[in-house]
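As structure tokens, the structure follows; a few thoughts come after it.
Naming follows writing order (A, B and C), and every chain is counted from residue 1.
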Amino acid sequence: MYAKGLKSLSIASVVAVAAALALVFFYAPLDADQGFVQKIFYVHVPMAIVALFGFVAGGVMAIKHLRSGDRTWDMRSYVAIHLSIILGVGVLATGAIWAKASWGHWWVWDEPVLVSFLVVFLLYCVYYPLRFSIDDPERQARYSSVFAIAAGAFVPLNFAAVRMAESFTHPRVLSQTGGDLPAEMRLTFLACLLAMALLFVTLWKLELTSKNASMQLKRLRAKLLAEADARAAA
Amino acid sequence: MIGAAVAILRKDLRLELRTKESVPAMSLFTVTCFVLFHFGLDRDSLDGELAAGVLWVTLLLAAVIGVTRLFAAEREQGGIDGLLLAPVDRTALFLAKGTALFVFLLALELVALPSFGLLLLGPDLRDALPELLLVLLMADLGLAAVGALTAALAAEARARELIVPLLLLPLLVPLLIAASQASEPLLRVSPSTEDLGRWLGLLALYDVVFLLLSIAVFDYLLED
Amino acid sequence: MPALPLDEAGKYVAGAYVVFLTLIVVYVAIIGAKVARIDRELGELNELAGESGGQAGRSRPAEGPASPEEHGAGSPAEVSR
């Protein structure tokens, strides 16, 4: 069910990533202030945006799960959140590298996006212990969905709050996303965003395919074993 | 539904009055925390930003204690099954537990604020008291809603004492930001109410979002 | 802070992109390992089905998602880790 379209999606992702990388290093102009270091922005920010959408999408899928009782939605929600957490590690790592290159410290509190990402990441890290400490599978799915919804609602609230706070203590001089980017940079950024989004959806489908297959395998095995037992008994 | 909520609330409040488990522990923890901060920061008196920060972080940490204990009574005496078997709307349960937590927090602050004023706060607490109380009330509302939700979420988890703080504290970051930013000008040597409206607005938004969310979602928890 | 000279900046930029690529590659590798395990289990199940000597009227355990009846859209028994 999930494998349909996976091949074309993968090809599209590879093409998009290659094109985006080419644009970043051969097309986009060098930033006047930050120089070459600014190129990190093309991988760091799209990762952050896609991860955040992944978290919110996970919440939406969780709503669908609770309303329909169909646990495939919970599986989809889990994979989306799981992928976003992995991207989150990448966001924090690339953010730290960018901070070190730009300001000389491995961490800065100036960037509201990075700071609120840290909080969001800390929150979603609890998803795993919460999920896997509940043994009953149906309950596990339900509680995970509740968490996904609360956390998904939390994400925008948190960003608003951190941004409000940071604008007091660290007035932002540079606007890194959108805003006054020259056209070439904006195009490159959009290409990177698209590539990252495609990549996310591809990996999401990939993991779902694998999980689905694994589950059906389990059921098949159980069936076959039961049949073998029945025949042995007969 | 309101009747059921009131009944559960009455039971919880009476239980707390009798056993005195949550509120004294939270209060003692708070005062101890203030002493820790005195030694940790090596300061005799705080004002402004530091005061707001110390006060709110301490209150949040004390709230974690209260949240962890919120469903403890039911768990320990097996009462949770009784609650669930009765035809009680989960929303009533949420309202009852949330209100109980709210009351516990108010009781806590009755101890915490004077202690803070006595031990650590430089300026006089009475100067900004009405505004400070408003901030506290609105923050307590959000704390109660998120706390009740977290308590229920962690209720079925095996390692719930660990999960509650890990889950609750990040969720409370926007509340902490709004509350401490609102309190900071109030706790200065010459208090002012600058930006109070803006931060109260954020608090109100937070409260509304989490109240509505918790009510919507609580039905799916603690089911059997 | 003034912009870093190109060679120094290059290291940081490379580092960032390497982090990104590493995450993707490690992730794909883990999924690959899972798929390998699925493949192995399919082999075992094949033997199991073969042992029953054609008794099982069904065809060989098909590739999960492709077979229409074995649809994952029902409620799965559990969500595997």
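Here is the rule we go by: contacts are C-beta pairs under 8 Å (C-beta built on N, C-alpha and C of every residue); 3 or more make two chains touch, one makes a residue touch a chain.
Here the structure is a predicted model, which means the values were calculated and not measured.
Per-pair counts of C-beta contacts peak for the chains A-C.
Greatest Cα centroid separation from chain A: this falls to B. Relative to the centroid of all protein Cα atoms, the closest per-chain Cα centroid is that of A.
Work out the mean CA point of chain A and of chain B, and you get 31 Å between them.
With centres defined as mean CA coordinates, chain C is found 17 Å away from chain A. Taking each chain's centre as the average of its CA atoms, chain B and chain C sit 44 Å apart.
The residues of chain A lying in touch with chain C in their complex are 1-4, 31, 33-37, 39-40, 43-44, 47, 69-72, 74-75, 78, 86-87, 89-90, 93-94, 97-98, 100-104, 132, 137, 140-141, 199, 203, 206-207, 209-221, 224-225, 227-228, 231.
In the complex of the two chains, the chain A residues touching chain B come out as 66, 119-120, 122-123, 125-126, 129-130, 133-135, 139, 142-143, 145-147, 149-151, 153-154, 157-158, 160-162, 164-165, 168. Every residue of chain C that touches chain A in the complex is listed here, in rising order: 1, 3-4, 6, 9-10, 12-13, 15-17, 19-20, 23-24, 27-28, 31, 34-35, 37-38, 41-42, 44-45, 48-49, 51-52, 55-56, 61, 63-66, 70-73, 75-81. Interface residues of chain B facing chain A in the complex, by the touch rule stated above, are 149, 153-154, 156-159, 162-163, 166-167, 170-171, 173-174, 177-178, 181, 198, 202, 205-206, 209-210, 213-214, 217, 220-221, 223.
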